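Same chain, two partners: subunit A is paired with subunit B first, then with subunit C.
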Partner chain A sequence: MADCGEPDGPDNKDNITRSKNEGKELTKEEKQRLRKQKKQQKKQKERKDEKGPSETEKEKTPVSLLPPRPVATQKAPSALPAPASAPIPVPASAPFHSSPTPSPADKPAKSKAELKAERRARQETDRASKQPGSSSSSIKTKAPLSELNPVVKRLPEHVQVDDPAVVKRLAKKLERQQIPLRSDYGYKVSLFSHLHQYSRKAPLTQQLSIPSTVIHPSIVRLGLQYSQGIVAGSNARSVALLHAFKQVIRDYTTPPNEELSRDLVNKLKPYISFLNQCRPLSASMGNAIKYIKKEISNIPSQCKEEEAKTKLLQCIDRYIEEKIVLAAKAISKYAIEKISDGDIILVYGCSSLVNHILCEAFEKSRKFRVIVVDSRPRLEGREALRRLVQRGISCTYVLISALSYILPEVSKVFLGAHALLANGYVMSRVGTSQIALVARTFNVPVLVCCETYKFCERVQTDSFVSNELDDPDDLMVTRKGKTQLENWQDVSSLGLLNLVYDVTPPDFVDLVITDLGMIPCTSVPVVLRVKNLDQ
Partner chain B sequence: MPGADKEADLTERIEAFLADLKRGGCGTGPIRGSGETARETTALLRKVTAQARWSSAGDLMEIIRKEGRRMTAAQPSETTVGNMVLRVLKIIREEYARSRGSSEETDQQESLHKLLTSGGLSEENFRQHFVHLKANVIEAINELLTELDGTTDNIAMQALEHIHSNEVIMTVGRSRTVEAFLKDAARKRKFHVIVAECAPFCQGHEMATNLSKTGIETTVIADAAIFAVMSRVNKVIIGTQTVLANGGLRAVNGTHTVALAARHHSTPLIVCAPMFKLSPQFPNEEDTFHKFVSPHEVLPFTEGEILSKVNVHCPVFDM
Partner chain C sequence: MELQAVLMAAGGGSRMMDLTYNTPKPLLPVGNKPLIWYPLNLLERVGFEEVIVITTKEVQKMISTDPKTKLDVKMKLDIVCIQEDADMGTADALRHIQQKIKTDILVVSCDLITDAALHEVVDLFRAHNATLSMLMSKAHEFTETVPGQKGKKKTGEQRDFVGVDGTGKRLLFMANEADLDEGLVIRKSIMRKHPRMHIKTGLVDAHLYCLKKSVVDFLADNKSVSSIRGELVPYLVRKQFSKSMTSPNVNDEADQNLKKKDGNANLEIQILSRDEVLLQLTRERSCWNDHRGDMSEAYHGGRLRCYVHIMDEGMCYRVNTLAAYIEANRLAPKLFDEPAVHPSAAISVRCLIGADSIIGASCQISDKASIKRSMIGASTTVREKVKVTNSIIMHGVTIEEGCNIQGSVICSNAVIGRGADIKYCLVGSAQRIEPEGQ
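Let's turn to the complex of A and B:
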């Protein structure tokens, strides 16, 4: 196995680079060969390094350098949260605080290879100790931990833009999947240097090579719609995503010698990376994707292809029906109980769910007035205004800076949410937290409407750690023919910040209306737990 | 006749000033700063003092009161006009009292005592004629003018006491006083400024470009992001249009939100206001002093088909 790759080396490389340039998908064999080559190179490097000064190491591990043969040494591993997965790139320069029990003070500074060797050994022992019956004493204390899979939280890439190693890793992954990498644009405010900031004028699709058989055309179209803002709003995005996936499934044919369940999931991975590059995935989209992947992998292998495809399509339809359409109906039923005649209701931006509720309430002949609050630069409220006025609801329209003027006459505030986090915080369009704050000051009840499929297990306390930065050029405005910020790029100390989301603390929110009922904000983790048990 | 010419000239100037006030206040937001208004008002009142015909302090005060009422009626939201008129009246009273020979402190004490004991109208009816009253009054008004010129600098000189290095400061919209304040501090300290543009007029943009030209690290954010970034802000420094008698502010739209957010995060809020913005008006209820401008800034006429069915509000000030 170790040798078969070598003699073909140069030929293979040509083939692979050629097919990459042509935009053809690498066949499975070519991919395997690539992988093997890389492993060879790694092994050769390590062998060379190891020939350097190799002292007497306490663990007899020259053998364990060759991965991965589990060496059950009796050495007690030090208490380290050792990363369990080997493919973490070795060049990750994070200083592994290797405090092995042989005190490093006695020995001369170990070479990098020796540290690597020790680490590998520890990983092997960890893996070995996962099986019961291992005799190391301190392993027993670690046993409960290691049985749960030593968990190293993998941070999503899109919040680690300032870490060059992560960016490199992403670039490599995208190259493998043949998806272009989108470059950041403009001066980023230092507080947000860990996030991406793209320009709308440079869509990703311009960098795609043609013809591209790697990415399905409906996905390309979807990605473009996302990045240009044509499809916006978490429900709309999820539904569009699911429809695009349905198209992909319809056009999919299983290659020979492959199982549908595994291959389809692998096919979807580059699509998801592409969409992520166009616009970071929302929590609702993430949940939908998880569901689809689960459904695909649950397809029994004996299933015929046609049958499997229809089943999948039905699953997706059912998901949309249940989680979005019916949920909206249920939520409006609960919400209408909360709307009484003579109410003056304040809404912010354009939330499909809140608009739906208001239209339903109007049809049930409740008498109320609506105040639509809007904010620059997206000005989504105008869309909501159009929809409501077309139904005949009497509306008022203000900008968010006029909030404290208009709030004394408001009786209720209805807000939509993009996601509900596990610590009760509501993640929604930027400005929502402001509205909740001022409403709480004026003692106006704030009701958030959110379907359960948007509940998310993340925890966030402020709007900085994970957010989306929109095109900063949107903040420019031309009044009386003069654009003040026209040359903001030229001025080095000027930055424009265009946030998309913010988080609202749960004490500003009085009630969350979901399809499961009306719950307080802090019950979100309970709902998540119940949902996980169900699945 | 030269006298009549001068009078005509004077009335012409007053008319021009009134028209300017009326125009400048509405439409696209204040295009003249409050400082300029104050200065022009004072200059105009000086001219009135110089050129109008009056024989005693009482007459002068009547004339000035009349002009003052006309000016405030032209633009009620521009309170600096009224403030300046009140200052000038006070100057006249002081000069009169000084000319009469009694010192100010005893005068005040006397008047209080007199109020309590006599209970009748004060004898001060400003009827006496003094030769040098005119000159004194004009001199005092000149002093007032020089004071006005120096207010921004005086405020800016205190900047270093309030800003330490590596701070993040938030400000709202555009205020010349705050701009001078920050620029002065930037000469010695390095800090970061976040400017909230103030829709719909977006004066924050101009403020940001001015600040960044002097090398201050500036960031422009949308109004909606004020609460989101407030947790990282160390101080909020704002300017205001008026400081009311109960300590409240009448400031640009959106300031109330900033104040609430700052209170939530326990961030100190500093207001830079020159003394001609202090006003004796008292807000009895929230709505008394609002001013609105054309809502087309908010919802442009291109959205024609729904305009007729929608109410649009565009308040300029926040209480």
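Let's turn to the complex of A and C:
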């Protein structure tokens, strides 16, 4: 295959004609068409090169440094407020792509081969110049492209703690941002040795100076609250994050000779690394961060600082209002249609959205009972139980080991989600896939409730690849003054595993209730595509 | 900025008058460094860059002029003087500097010597958005005999009763024995919310407090509170459970205007922050609760919270009595790793200096002197055949030949005559002991 970046027009044509003559016979029209395609391709490349320097500034690669020389954009031009010339390459490439299809088979092979070659060259230059952070870029993907643009989507990198090169790169990046590196704790089970495992007793603030100057105090507070579990749950974490960002924006002043739109984004990067060190970011947080960064970058440079700040604060308020509060209202409206009188509903753990739905349904005088299933070590079900009983809903409480005993009574299962992946899998608290599996066996419908801002472009089919390991000491329990597992670290063949998330395949989920409506699990990628085209 | 450090160095040392009548307490030498160096060193190690030091004019003069009391700290010291005889309590001092305080504060007392991990205290303050966070430590018995005191010290002294919840972090109850008439009274509202309380008595209050800025503003309005430890802290601990603190109504404007007239309730308004709506949303959506077993939400909906970090191990001393001073002198050298013998001291060859001793700068130790477990201050002269054991000798002392000093404290500029035998005594400054004295 041709490995060169720049195809040479006439030479190639000669090659093509020669190869074609060996193979099929080309008609004159097809040859002309081929020549036109080559010209258009060249024009498109030139235009992309022009756009390159202006668009690289607006690109929102959160972690890596952009290569200084203009590289062809990797985002759909429609996603950015691109200059007017941008739409032209798009339709130019459109006929370019649609035309290969009617033409003979090996012609599209050739043009696609050149495309692939260019793509590979670009990818190599990217990989050579970028300095990836292992886990922090996992969520911050760029928007997926429209199928028209033949450019590569940068996929998130997975956490790779057992790869020393990656760990070294992460340490260097953190050092550059003046953020302490949190060290792993305890023995990790070998299947999960590629993930971080931190101890709650060794907070990151130990290594920070006390009146924290590098990191804004509200971010330090937020990081502490994350790592100690005071703020837990996808929605709560996102709201707390946005609240902290509001404080940061309020206290921010543009340094001289800098633009707010660029400098503020750079200020936010070390904060995000810090929060990631305290506790790995969730998909909802990642989407919220992407939104904020886009809003900040979209601030026109002639806007005054005060105006810009108020605008950003309003954007954040609006985001929370739309994506979380109103979405919850919309979802409960749809979900209440599905709850009928005499239902026995099973919920798992403490999902803020499911609790909201049940409370609303109870207020609309639906008669139902709730069974709360709980699991160690988090025992979040107790909190869900408290909130439901406080409203007056009659509840039953079981541990997950009693699931198959209680399921024959259940008429519906409502589950919350941490994130919905692009292949329709549901990522939620560990134990959810168990519940979905057993419910499927008993033919009980499983409904997952999830706001659209938690939809994520990652693709995962198992719970090993990307997960979160919590503090293994949480598994120790003290009964009658004795803790059996107190010296678990001394036993060489013993490892404690405290997983946080697991993924449920879409075959076990009957319906996903989102603020856009009730969709089947396999329609998640459609929603993602529509959402990104809107942006 | 997150926290401002305030160092209270205006105290008189009322419980150690023998030592402090000549030297002000912040400048008493402990391990040959002035007492005020220890909290300053602690703050510097942790990462503070500026400290507001509240002290008397005398101390400020001595710090700036006297070369002996040089403090080698790299932080910027903002020294605020108050009148020595104004009898200002610590809270009064805070009120005095209210203009300088722009954010939450960390109040430290000058007589604190500790190696505690300050981030524990500050983390409680940050994570739970607490109004007060303080440090306490398990008290150690003082084993050394205190010179100048006959017999054992009375044990029925003022005890502090500290009540904490099950986790040991939340402060529920604090009272001094002096304030309690017949017995310990605990309100039912506390017991309803926290049915399990651990009451501890053997704790040393390190007098290190993280306070919210709203507390300082509250102090400015309420001029009756004069001492942090004596009045403000018990008041805040009590106020956690008072009814007005737990009202969920945030947006009631009229209510707030009414309450503004009532000075005591000012604290509540000042605790409300901007974006309360978002914080409330976060708390609603978060599946965390600090207690379980009842129907109430996290923190029982209370907005005022006091936390305490109790140190189990590690050093924490407050040098406010003579016994504490002696103990601190013995253990303070562990805190810093300077060489025990100052390089500028002229030590002659045939003297015996034990490992636990510290010799100050420009000392002159002559032959056959034996110094064990003692602290020799700067510029002291020790002549031949002197035996010094378990003692603290401050600056500028002259010890003539043949003296035997055991378990004593000799203040600065004293002269001990030849052949004196001093056991468990306290020699004041610039005193002169006759030769062959006992």
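A few comments on the model shown:
Heads up, the rule we're going with is that the second predicted complex is superposed on the first by the 374 of 535 C-alpha atoms of A that agree within 3 Å, B and C clash if a C-alpha of one lies under 4 Å from a C-alpha of the other, contacts with A are read in each partner's own complex, and residues count from 1 in each chain.
Just so we're on the same page, contacts are C-beta pairs under 8 Å (C-beta built on N, C-alpha and C of every residue); 3 or more make two chains touch, one makes a residue touch a chain.
Given the structure is predicted, the values throughout are model-derived calculations rather than measurements.
Between subunit B and subunit C, more residues of subunit A are touched by B. In the overlay built on the shared chain, the residue A:Y291 is in contact with neither subunit B nor subunit C. Of the two partner chains, subunit C is the only one touched by A:V220; subunit B is not.
Of the two partner chains, both subunit B and subunit C are touched by A:R386.
With both structures placed on the common chain, the touch criterion links A:L499 to subunit B but leaves subunit C unconnected.
Once chain A of one complex is fitted onto chain A of the other, the partner contacts of A:G233 are limited to subunit C, with no touch recorded for subunit B.
After overlaying the two complexes on the shared chain, residue contacts for A:L242 are found with subunit C alone; subunit B is out of touch.
In the superposed model, A:S463 lies in contact with subunit B only, and not with subunit C. Taken together, the two complexes place residues 382, 386, 389 of subunit A in contact with subunit B and also with subunit C. Here subunit A touches subunit C in the complex through residues 203, 205-206, 208-213, 217, 220-221, 224-225, 228-233, 235-236, 239-240, 242-243, 246-247, 320, 324-325, 349-350, 352, 380, 382-384, 386, 389-390, going by the rule given at the top.
Residues 189-191, 375-377, 382, 385-386, 389, 394-406, 408, 429-431, 433-434, 437-438, 441, 462-464, 475-477, 479-480, 484-485, 488, 491, 493-499, 502-503 of subunit A touch subunit B in their complex.
Listed in rising order, the residues of subunit C touching subunit A in the complex are 1-5, 46-49, 106, 117-119, 122-123, 126-129, 275, 278-279, 281-289, 292, 295.
Only residues 28, 192, 194, 197-202, 205-206, 208-209, 212-213, 215-229, 231-232, 253-254, 256-257, 260-261, 264, 286, 290, 298-299, 303, 306, 309-315, 318-319 of subunit B touch subunit A when the two sit together in their complex.
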